[in-house]
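Each of the two complexes below includes subunit A, the first together with subunit B, the second together with subunit C.
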Partner chain A sequence: MDYSHFIYLKEELSLIAVIVILFLYDIFGSRKSLNYFQPVACLLVGIHVLLTCCPARATLAIFGDAAIIDQAPGTASAYPLYSGMYNLYPLGSIIKSILATGTLLIFLQARGWLEEKQTVIRRGEFYLITLFTLLGMYFMIAAGNFLLFYLGLELASIPVATLVAFDKFRHRSAEAGAKYILTAIFASGLSLYGISLIYGTTGTLYFADIPAAVTGAPLQVMAFVFFFAGLAFKLSLVPFHQWTPDVYEGAPTSVTAYLSVISKGAAAFALMAILCKVFGNLVEQWQAILFWTTIATITVANLFALRQQNLKRFFAYSSISQAGYIMLGVISGSALGMTSLVYYILVYMFSNLAAFGVITIIERRSGKETIDDYNGLYSTNPRLSVVMMIALFSLAGIPPFAGFFSKFFVFAAAVEQGYYWLVFIALINTVIALYYYLRVVKAMFINKNETAIAGFRSDGYTRLGLIACSAGILLLGVLSIVHGEIHHYSTGW
Partner chain B sequence: MEYTLFIVLLPFLSFLFLGLVGKRLTPRAAGYTGTIVLAISACLSYIAAWNYFTTAKVNGVFEKLTPVNFTWLNFTEKLHIDLGVLLDPIAVMMLVVITTVSLMVHLYSIGYMHGERGFQRYYAFLSLFTFSMLGLVVATNIFQMYIFWELVGVSSYLLIGFYYTKPEAVAASKKAFIVTRFADLGFLVGILLLSFYTGTFDFERLTSGDASLFAGMEGISFMGCSVISWAMALIFMGGAGKSAMFPLHVWLPDAMEGPTPVSALIHAATMVVAGVYLVARLFPVYYLEAPDVLVLVAIVGAVTSLFAAVVACVQTDIKRVLAFSTISQIGFMMVGLGVSGMEGHEGLGYMASMFHLFTHAMFKALLFLGAGAIIHAVHSNEMANMGGLRKYLPVTHLTFLVACLAIAGIPPFSGFFSKDEILAATFHFSPALGTMMSFTAGLTAFYMFRLYYRIFWNKASHHDHAPREASASMTTPLIFLAAVTLVAGFIPFGKFVTSDSAEYIIHLDWTVAAASVAIAVIAIGIATLFYRGESTIPDRLAASFRGLYAAACKRFYLDELYLFITKKIIFNGISRPVAWFDRHVVDGTMNGFATLSQRISYSIRGFQSGQLQQYVAVILLGALLITVLVLFT
Partner chain C sequence: MNFLSLFVLVPVLMMGGLFLSKNLKQIRLVVATGASLLLALAVGLVFAYLGERAAGNAAEMLFTAKCLWYAPLNIYYSVGVDGISVAMLLLSAIIVFTGVLASWKMEFLEKEFFLWFCLLSTGVFGFFISLDLFTMFMYYEIALIPMYLLIGVWGSGRKEYSAMKLTLMLMAGSALLLLGILGIYFLSGESSMNILEIARGHIPGQAQHWLFPLVFVGFGVLGALFPFHTWSPDGHASAPTAVSMLHAGVLMKLGGYGCFRVAIFLMPEAANDLAWIFIILTGISVVYGAYSAIVQTDLKYINAYSSVSHCGLVLFAILMLNQTAMNGAILQMLSHGLMTALFFALIGMIYGRTHTRDIREMGGLMKVMPFLGVCYVIAGLASLGLPGLSGFVAEMTIFVGSFIHEDVFHRVFTIIACTSIVITAVYILRVVGKILHGKIADHHLSLQDANWYERASTIVLILAIAGIGLAPLWLSDMISDSLLPIIQNAKL
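Right, the complex of A and B next:
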């Protein structure tokens, strides 16, 4: 074994270092010093993001192999390490840093909730568990072998259940935790069964070796579907979505935000990578599957979202339908699709986290979380209302906000492959989505309310997070360089 | 010369700053911030002009430089939208004009807008406008120009409607926006046609004289005109809207409802010449590919010029006189472009047009700022409330006189040189058109001196308290611009700005010059006779030509005609049926969809039972069902 390869695992290693430091701090820190846990955690994750972050070229130049850097666009491919167990590729680094940034944003928002009496003594656990799941996602993304992938998947799933049930004295949170762990176990069992069938029919678990042995035999198709079900569960694609609203509603809001953005982003990316790399021979089958599940996902989620009153439930359905849009990028199976997928995740992260930031802070200050409670919010909290508005506009895909561009690119990727009907149905659904997003905007800006939520000033961390999200929503669409950079690395990734 | 980017960006930063935190600043601080930023921007553009004109010459021809260019939206290999900075003689000249006038207006407004509500907002909008206008002139491609073109329109809209509590101002801002927007529709269609067939937005490629670009348009014609003619005519339509060419000029007189410094900046010196700039920018395309449209440009310019000069003779609101005068002078510039050729001496019209643009910007801004000073002193726009002001406003009086002499075309003031060259080029093109333009020039001298005498001489009207000269921040720009007007005529413009970018020596055409000076002097003489003291001649004349006088007063009923067309014909004939269709059929369908989705949504709520067993069962059945479907279909 070549130990020098460890240098290439810089994302994972630096994340593990962060976890270890925080773990020791949590155990040995004095009660008083633990008051600074959040700033320290944010700082460390921030450093981690900076270390691993986007100028992938620069970090590769320092740590990486010249062979990867010098590859012309269009020829860049995965660089296998540990005889193919782990894949190093620039696009992977990009998505990892996007996910880490999202986690940082959630940490910024979580303070209010964690300072509550019941959670304050366990606050360290929240950060640690979240970072462990993030590590799991890193492995899912980088895996070159189904075993490592499965380990990553489990690491990214099981601890989440404890996060969902973090407010264990609150009935709903506990219930949501139980629902999550049971469905998650079932889904991952299905997935594992699928993987075992793949091993049985191909005789290998290495991504690099499987394609040659995939012939499209019925057993392999079944294996694929079962495997797909596991990831579809994480992405909450219809019909594997039913846990989503219950869990999202019951979980603490910061955890809901994490589930809806980070967990989904990782699963979507891993799904696309595996579909293209491993199941390239089954392309007709998986495109057909994705075609129908995408339509079902977007439509069903929108129909349910129309009638929601509880904002967290509302955003659960919204995030299901957003996952459907992400699938438009996956289904194309092209470099353009990959670019649009990564870009979509980035934009969706900023938009959704801005919305959840507002929901978190309002829930914390007033305990209210239904749409009617937001009536007249603009008159009392104008700035929060504006942030919420641009987040919703971005999610609905209204120009000039970033969400418009991300939708445009996934549509473009799907149209490029000839999926006109799919895009048409997705377009109709954006109209329905616009309707329900605007319901919230209407509540905040137009509806009058004598007893609107009283005005308040949110804490500095939340504000910082919301400003970062708003800046992302406003600027990402205009800064074409972001999309260009992603595209550069996704050409033949 | 990458720093030229900052000329454009600085006003934008100033806009962001003033727009976001302006309310927390005192008005004075906001005013000074805007002015100082503009001063830096102006200095940079002077440096850029110096650098450009001293270094960019290769083989006697000024190079086109693109110091900044990046791809903003990359759709396909061919279809991409760039943003950048293109420097060539006209762009550099415009940078100087815009930053100079804008700086003067910023400075002037500190005094003029003193104590107004929304002072900070005013400065934010001014900066936004300056940014948009600068972005427009340095555009590297026609799409960037279109973006900034619209931004200019928006900031003009915001500034005309600055006094948003005044119904006239609101109506005027809407009118300006809608009329120019209508013209911009033509512009957009023109852009699409042009870029569809040539496959590029880029100015440099379009104006390179490469005939192969336009090969794809050959043989395609529509309603008897070739496609390239259509495209260029539609693009000219956009320019005509912005530059208030007949018959799209109706918005400009009303735009005088905005604060006077705004009129000086936007509606005299910069934005309204955007149309001229557009034609000049695409001049090689017009000249080589669509000469018929160029004739159209000349005719529209000449008609506008004469029409506006006639109307200006009878207006009594001093700002409206100046507005019509502006329209008329822009007409001159258009004629200059329309009659111009391409190479060497043939390109006299182009050079003269750009020269006139430059001198006109200076003296017209001076006239407007002077008018602002007068309005500031007597609190009225009407000539009847003025008269005899030369005693009270000595500085304003003298500078205003300088500007009047310049626009009338009396040597050695700048207007003489530029206008004379336009006339010379026009005579060369067609003596009939030349005669018509000479007559218009005479009218110009007449109405300007009518204005001058009625403000500063004539019968003094009663004032509650004696009008006083304005503060230094207002008189400094007047003096500066008057100085520029005095000397600008001696700039050897042909050395810098010509149609083929090669140096060109201007020869005065003495016969044309002598004739036009004679006409101007006679016109001024008549104006002196009529208006210097109290005289009954104008009233008697008006009485004997009652029909013409009334029509000119009413601007030849064009506004009424447009109102008739829009309100009666379009609203009743088209809008109402469409509205009915929209309300009943389109909305009905949409409501049907909405009701349907609500119903479905209601009926499927049972699937979300909250029971874990069901969820797991659905997952398993879903996976099995998908497998079966994939395998057996």
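Right, the complex of A and C next:
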């Protein structure tokens, strides 16, 4: 075994280091020193983010192989490690850094909630479990073999159930945990069945070897369908979305944010990577499947979102429909599609986390979480309302916010491949989506309310998180450099 | 940096200034300075443009500059103006300036109001200077979304319903537009978002035939094209004064300008083949809008339907695809922009005094507010096309231009559209008679006439209207020179 390969695993290794340090600290730290647990955890994750966030070119120059750096734009392909078990590729590093940033933002938002009396003794677990699931996602993204992929998938799903049930004394949280674990296990069972069919028909689990053996035989199509269904549960694509609203509503808000952004982003990227590397020969079949799934996802979720009162359920449906837009990037399959997918996830992360940051802090200070409760919020909490409004406009795709650019690019990627009808339906849906996003804006800015949520000052961590999210929303679109950097490494297939 | 970008930069800086300002005085200072600066810029631009043309610069667009923005889709931030955009920029600057004056006495959340107002102007100015389809579309949407809050928060009447209806309809239009733009980009084979470069190439005929309706309807929604105009009366009626002015005066022109600059310019073949459908629709707009205005009793609804009729005429003239009619269309955009802004400003001032917009409850206002009354009559006369005012020049050119076509279809529709002039006279004179003359209600006797900022804003608008009416030649020369390349492109 070539131990020199470990140096390429900088994301995973640094994350494991963070986990180990926090684990020891949580166990052996004195009661007094544990008061600093959260700042230390955020700091360590911050360092990890900095390490992964270095522009891909720079980190490759330090850690990587010259052969990868020198490749012309658009041709940077995977670099197999451990005889193909693990794939090193720049776009994977980029998506990992996006996920790590999102996790850090969620930690900043979750601090207040973890300080509460019920949860303070378990705050260590929250950080550790979350970071473990993040590690699982890293493996999902970098996997070059279905076994490693499955390991990552499990590591990224099962601990999440404990996070969902974290407020175990709240009935809904426990219920949501049970719902989540059952669907997650069912979904991973489906995926596993698909994987076993792939192994049965091709005789290998290495991504690199499978395409040669994929002939489009019915059993292989079936394998793909099962595998896809498993991942679709995680992405909550229609018709595999039924668990989403209940779990999102019941879970602690920070966990909901984690589920809706990080978990979803990782699954979308992994799905694309596998479609690209493994099922390239089945392109006609999966494009047809994705076509109808995308239409159903966007439309059904939008229609359900129209009637929601609870904001967390509302964002559950909104995030289902956003997943549909992410699928537009997957289905096009070009380099442009890959870029727009990663960029969409990045922008979606900032927008959704900004919204969830506001929901978290308001829920904690006032216990309110329906749209009507937000009536007149602008008169009492102008800053939070403005952040929420920017986030909603960005999700709806209104310029000059970043969401406009990300939506434009996924549409452009799909149109490039000739999916005019698909884009047309998606565009009609943006109008429906605008209606329900505006409902919240209307509640905050237009509706009058005698008993509006009282004004309060949010804590520094939350403010830092919200400022970072707002900056992301405002700047990502205008500064094209981020998009350019992503595009530099996206290949298509 | 190209000085055209200042048109976008100034409103953005105004927003920054507003954000920092602490009291009403500072807010007013910021917006007044910014609006005057924009007006000065626009006037300066007109002279600079005419100077360049006089010096023999025959390029299609002047003062161009471009800078790469998103390389993967060849998106540039590229600006440039021809005579038509110069005219539009001047119009926008005048309306923004007078709009600021008209909302001098904002009483509620002034800072937020002007922030959104500046965002709206950013979109408007950016749209007119853009040469790139992407940035054009982006500015177009930037101009649309502030309307929701401007109407929803500061509006009156059924403001929430109107704001939502307006936003959703316009956004649905822009959804069509987005598909059209992407279609143009990928089907033109030019791999360019630049309007001039696409026009130099050729979009395949079959593609043109489905892209043209998308783009034309997409922009047409904002230009109050017949079945898609229903947002307009409600929206205008509910909006606060300055917003009505800006919306009817400038924003609806975005629709006309876009139809013309993107739909007709880039897809001339389809325009030739499909014009008849849209001529029928716009013909309906023109007549139907005018008839609807007759039966309304709310001043704002009357003017909103009148806008539907006049903006319909703009699209109608554009579709005639000849230089005279198009020239008329641009003049009509200017003329309608100015006079409808004047109308809405006056209606806002009258409403601020009488607290009603129902014409049945008013009468004899000429006795207590002669200044406003006279201005209203002038606006009315401009609207019904009295020679010497802008409306006459524009409508005359349009009808002459559209009658040039020798076939029965065009002539019949020209005659139908012409009848709108008569109907316009009916509803204008009806309103003037009802609210300005006759018996005055007792509780209206103590009303005051206009104060300085109201006078300033109306006088600026009236001067502009009379200016176009009395000396239209320089303007129409400037426009028709710029129309030439578009006409040549359309003839192929």
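Quick note on the criterion: the second predicted complex is superposed on the first by the 489 of 493 C-alpha atoms of A that agree within 3 Å, B and C clash if a C-alpha of one lies under 4 Å from a C-alpha of the other, contacts with A are read in each partner's own complex, and residues count from 1 in each chain.
Heads up, the rule we're going with is that a contact is a pair of C-beta atoms (placed from the backbone, for glycine too) under 8 Å apart; a residue touches a chain by one contact, two chains touch by 3 or more.
What you see is a predicted model, and the numbers here were worked out from it, not measured in a lab.
Novice: Should subunit B and subunit C be called a clash or a fit once both complexes are overlaid on subunit A?
Specialist: Overlaying the two structures gives a clash between subunit B and subunit C.
Novice: Which partner does A:L303 reach: the first (subunit B), the second (subunit C), both, or neither?
Specialist: The answer is first: A:L303 touches subunit B but not subunit C.
Novice: Should A:Y435 be classified as contacting the first partner (subunit B), the second (subunit C), both, or neither?
Specialist: So A:Y435 meets both subunit B and subunit C here.
Novice: Pick one for A:F240: touches subunit B only (first), subunit C only (second), both, or neither.
Specialist: The answer is first: A:F240 touches subunit B but not subunit C.
Novice: Please indicate which partner A:F393 is in contact with in the superposed arrangement: first for subunit B, second for subunit C, both, or neither.
Specialist: Touch status of A:F393: second partner only.
Novice: Could you look at A:S260 and tell me whether it touches subunit B, subunit C, both or neither (first, second, both, neither)?
Specialist: neither
Novice: Looking at A:G484, would you say it contacts subunit B, subunit C, both, or neither? Reply first, second, both or neither.
Specialist: Touch status of A:G484: both partners.
Novice: Taking the superposition as given, does A:K179 touch the first partner, subunit B, the second, subunit C, both, or neither?
Specialist: First partner only, subunit B.
Novice: Report for A:T103: first if it touches subunit B alone, second if subunit C alone, otherwise both or neither.
Specialist: A:T103: touches no partner chain.
Novice: After superposing on chain A, check 181-189, 307-315 or 397-405 and name the one in subunit B that bumps into subunit C.
Specialist: 181-189
Novice: Of the residues on subunit A, which ones does subunit B touch that subunit C also touches?
Specialist: In subunit A, positions 435, 480, 484 sit in both the subunit B and subunit C interfaces.
Novice: Note which residues of subunit C are touching subunit A in the complex, please.
Specialist: 69-73, 134, 138-139, 141-142, 145, 148-149, 152-153, 159-160, 163-164, 167-168, 171-172, 175-176, 178-179, 182-183, 185-186
Novice: Which of the residues in subunit A end up touching subunit C in this complex?
Specialist: 336, 339, 393, 398-400, 404-405, 408-409, 411-412, 415-416, 420, 423-424, 427-428, 430-431, 434-435, 438, 441-442, 445-446, 480, 483-484, 487
Novice: Name, in rising order, each residue of subunit A that touches subunit B in their complex.
Specialist: So the residues of subunit A touching subunit B come out as 178-179, 182-183, 186-187, 190, 218, 221-222, 225-226, 228-229, 233, 239-240, 242-243, 245-246, 285, 288-289, 293, 300, 302-304, 306-307, 432, 435, 480, 484.
Novice: Can you list the subunit B residues touching subunit A in their complex?
Specialist: So the residues of subunit B in touch with subunit A come to 71-74, 594, 597-598, 600-602, 604-605, 607-608, 610, 612, 614-616, 618-623, 626-627, 630-631.
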